[in-house]
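The chains carry the letters A, B and C, assigned in the order they are written, with residues numbered from 1 in each.
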Amino acid sequence: MYQYIARRLLLTVPVIFGVAILVFSIIRLIPGDPARAIAGVQASPEFIQQVRARYRLDEPLPVQFGIFLGDLARGELGRSTFSRRPVATEIGERFPRTFLLAMTALVIATIVGVSAGIVSATRRNSMFDNVSMLFALVGVAAPVFWMALMLQLLFAVNMRILPATGIGTWRHLVLPSITLGMASAGLMARITRSSMLEVLRQDFITTARAKGLNERFVIYKHALKNALIPVVTVMGLQFGILLGGAVLTETVFAWPGIGRLLVDSILRRDYPVVQGTVMLMAFLFVIINLVVDITYAFLDPRIHYQGEAGE
Amino acid sequence: METNEIPGTGTQSRGYEEAEIPAVDLEDDVSTGTVAPRRRRGVSEWHQVGKHLLRNRGAVIGLLIIGIFVIGAVFAPVLTTHNPIQNNLTMRLQSPSTTHWLGTDALGRDLYSRMLYGSRISLNIGLISVVIGVAVGVPIGAISGFYGGKLDIFTQRIIDIMIAFPGILLAIIVVTVLGVGVQNVMIATGIASVPIYARLVRGSVLAAKEQSYVEAARAAGLGDASIVFRHILPNCLAPIIVQSTFQIATSILWAAGLGFLGLGAQAPMPEWGAILSDGRAYIRTAHHLTTYPGLAILFMVLGFNLLGDGLRDALDPRSRGN
Amino acid sequence: MRTTMHMHGRLATLALVLVFVFVGMAAFAGGAQEAAVERDTITIAIGAEPEALDPVNMTSAPAATVGEHAIQRLIYMEEDGSLTPMLATEWESSADGTEWTFQIRQGVQFHDGEPLNAEAVKANLDRFVDPEVGAAYAFLLGSVEEIEAVSEYELRLHLAEPFAPILSHLSHSFIGIISPASFADLGPDDTTDAAVGTGPYELVEWSRGDSITMVRNEDYWGPAPEIPHLVFRFIPEDSARMVALETGEADAVMRVPPQDADRLDADPEIDVVYQTSVRTIYIGFNSQSEPFDDPLVRKAFNYAVDKDAIVDAILDGNAFVADAPVVPAVFGHTSVGPYEYDPDRARELLAEAGYPDGLSATLHHPTGRYLLDSTIAEAVQGMLTEVGLDITLETREWGAYLDFTGQPVDQAEYQMFMLGWGTVTLDSDYGLYALLHTRQWNPAGNNRGFYSNERVDDILDRARVETDPSVREELYAEAIELIWDDAPWLYLHNEGQINAQRADVGGLIHHPLENVSAWEAFFIDD
């Protein structure tokens, strides 16, 4: 088991390195001179040249890549070309906010989704089942920014009970996290439901029931534990997706997280910040995947740990 | 979500690579899982699948929704009441009425007509991006899974790298590189779905490779290509079809998201995401410009998701037996 | 079994109810809190975040708006464009216009307690023009050869040659004076966002991506502000920014979308403020390539577009049809336009130019950069289609757009491009020279359409060094008439600014330079 974890951890190194290469090259494919984007419309050509020199954008690409890797090896992410502040500081300020948002969204999604899924499964084809599955489908299908605008209009403008934008108190967190968590809640409700249904059909449940065990006991002790395995997987992965998917939600609710920072930085051609943010997201994603796999392995004893040569 | 991730139902023992499969098809917001590859399907079996599908209430509703949009898209020139790109500044921002069924936009264009033409664009985006994803992802997954070894390890790391970018971000970056426009949106969402297909097919190929009929084919002296194309891939068809249905929905949502960020279609093209994005400036004064495109996207995505659910059940002999 | 099923139902319902209760409580608890807060803070919501509060790294309007509350410059430009003393109390130039002497205000302290004097100003200006530091707007002082601290409170600028707009350049928000102690230890690449200036407010906190908080400067040299705390919040999404004003989260907002102005105005708790801006929006023609090398074609396009319809309908009347290449508030402006909407005249001119059946062209435009830019591009396309022209629209994301329209003449692939330009110094030199002088062709400057007229070049050169304002005015009038007649642009409109504030706020300055200033603001009690 530990060997398996160690090997998986080791495997993340080439992935992160690959991400670094990919990020570095892909943003340099974006048309538009970064020096010009930094300098603005009214800048003089001399100034644009200075900017190029300052951020070493005038060096050949391989040299730039070398500098980037060298910095990276020293844990140095460079400086934002927009604010001239260290990228680590920029990200450090914003990441906790996105983390908070994604985490709250995940908690809401899990509570709502899993409980709705369990009830739907145990009361299959009931009114509750039909209605909650309809909500689940709509939650998944609605464009997130559209939902955001609608919620903002309803709760902030018409009812005036929640702030429309910004951060600060936990009230600010309510609308963005519900918006962000909606699709995940729908997905989790559906997965919990089908997983529960599947497990409830299994032999061991039938046996347990045949033994005359209390139905509630059967459901919670036997069925739920097994049914939650895919749910846990989904939870982990959803967290990664929520972190990345916060871009649109953050825009509508003026939530100053890394999703918005990334899009702004792409538009500003702020290479160091784009590099740093994408690297961080990729790294988190890889780690979350790893954690999910390990959790999965713990939960499902039938999984072997041969690794690559598994088959 | 009657799928092979659920314990106790899989037919093969699971290596950890398979345990990673959910990481792939849950990449997007929509899909759930896939069926395990089984034996080849004959004509009568496809017939069975069809029958099963039509007995599924959700799938029928999904098909109905999609059908309405497809009819709208195909017959848009006949069904529209106005030219979708004809400005009329004196008729701007009109509420829905008998002349303008869904009202008009900021340039006085008829929203209903624009939405109809827009369904063409959205359906195109969904379909073509899936074609791109399949065309690139499936061969990668098949080759990687079939040959294994160093090639497989290498490919898997590339896929890992691509998956490490959340899909919408990958799409944002690709569109920024390629520039604004519907074609580039298709390419971007297509590329973003490549790793999903590559993983999915690889898993299926790995499983199918061990089956007796493949060994039989090999013993009969068939070449690699014909084993892959005639024996293995047909067996992976079911998960690909199911995934593609969900992926169409996801691509439509991604495209709308790109449109919202101003990275979508070129004006005056009536792409739904773009209509919605332009309309949000008038959300307080002419809300029909946000409400209708929002609902249209919602319903189209819903339609494909319902169909995908139904297809998954129908293509899974296990649930068909129930 | 039925009973247990029932239980699960209840459990789930309970969970759902809990969520709603949670949301509801949040709402009401918060509502109560808000009422309890005393009004000692004014909150202004703006659309974008400053990139920096260090003068050498400031490039945007939001940086100017926020920055000028903490950091001041030598000369202040009033709303009417007149120049008044700020940190310099008086100034005079030598007879030949190459030496400018400034008296620095005495008894002024920076926020860190350091005194303001000529040495401090010199240190700031030296840093501003230092190529190693690379201030974006160093070109504003491009004519300055040497900066000399003559005595404790006397500063002298030596110019290479007379440069008429020097005073308005010095009034630019980015030439701010901060405490030398705050940058003494910085390397040339380093900047400080501490904003240790002499302004009426002091920086307290900059919560990146969210807000900047300031507190009243108790030692301010001028009349102290009435409101002790000042917060700038950054809300990029227009609709969200308006919501913040309506709910009272913000006391004032900048950049109200025109289509929302009437609705907000109808709210008795909200006042909408209309102000001119210095930005003109135009569609440049590539004058060096067919068919736009022919002035007849360029004029035909000008006649074919109904600018009034754009202003009245799309911009809801909140803009002004351009009557010159610079806005009326700019020194040297002369009204020469507009080209009246006349589609028949447009067709005639096209026929005369050899295009009786119209022609095809591509119009490039940004999206989301200027007020309703892509909608306006679509409207222009529609109008040009009416006179038989076949116009394709093409947009690019801003960074790519600037690059695309910044190519040298032999590589330029564009025919028509929409852009805006703010003449922030309120001097025609800044608006005309950079955009229309032959020496300013891409990539040297911002003449992206490669307009070239020797007479115009000559006049603009002379007006730069002429020291007599009345002569300069005549020169610019002549240049503007020539430029208008050559039609290097499709002249569109001058953007208006629309801001809004809560009705109980008074004294806010809504400046034509797209600033909102709070140092004279107060709350109206009823």
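FYI, a contact is a pair of C-beta atoms (placed from the backbone, for glycine too) under 8 Å apart; a residue touches a chain by one contact, two chains touch by 3 or more.
For clarity, every value in this text was computed on a predicted model and none was experimentally measured.
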item	value
Most remote chain, CA-based centroid, reference being subunit C	B
Most central chain, judged by mean C-alpha position against the global CA mean	A
Result of counting contacting C-beta pairs for A-B and B-C, higher pair	A-B
Cα-centroid distance, subunit A relative to subunit C, in whole angstrom	36
Whole-Å gap separating subunit B and subunit C, where each centre is the average of the chain's CA atoms	43
Distance from subunit B to subunit A - Cα centre to Cα centre, in angstrom	20
Contacts with 2+ other chains: residues of subunit C	239, 396-397, 400
Subunit B: positions in contact with at least two other chains	176, 179, 280, 283-284
Subunit A residues counted as touching two or more neighbouring chains	30-31, 149, 157, 251, 267
Residues of subunit C touching subunit B in the complex	238-239, 242, 257, 259-260, 263, 309, 313-314, 367-368, 372, 374-375, 377-379, 381-383, 393-397, 400
Partner subunit B, residues of subunit A touching it in the complex	4, 11, 14-15, 18-19, 22, 26-27, 29-31, 137-138, 140-146, 149-150, 153, 157, 183-184, 187, 190-191, 193-195, 197-199, 202, 226, 229-230, 233-234, 237-238, 240-241, 243-245, 247-248, 251, 262-263, 266-267, 278, 281-283, 285-286, 289, 292-293, 296-297, 300, 302-308, 310-311
Subunit A residues touching subunit C - in the complex, by the definition given at the top	30-34, 36-37, 39-47, 50-51, 54, 82-85, 90, 93-94, 97, 108, 111-112, 115-116, 118-119, 122-123, 128, 149, 152, 155-157, 159-167, 169-171, 174, 178, 214-216, 219, 251-254, 256-257, 260-261, 267-269
Residues of subunit C that touch subunit A when the two form their complex	1, 4-5, 7-9, 11-12, 15-16, 19, 23-24, 26-31, 33, 51-52, 57, 59-60, 131, 134, 136, 138-139, 142, 189-191, 193, 207-211, 233-237, 239-241, 243-244, 246-247, 249, 396-404, 406, 419, 421, 434, 443-446
Of all residues in subunit B, those that touch subunit A in their complex	1-3, 5-9, 13-17, 19-20, 22-23, 26-27, 29-30, 32-33, 148, 153, 157-158, 160-161, 163-169, 172-173, 176-177, 179, 206, 209-210, 249, 253, 256-257, 260-261, 273, 276, 280, 283-284, 290, 294, 297-299, 301-302, 305-306
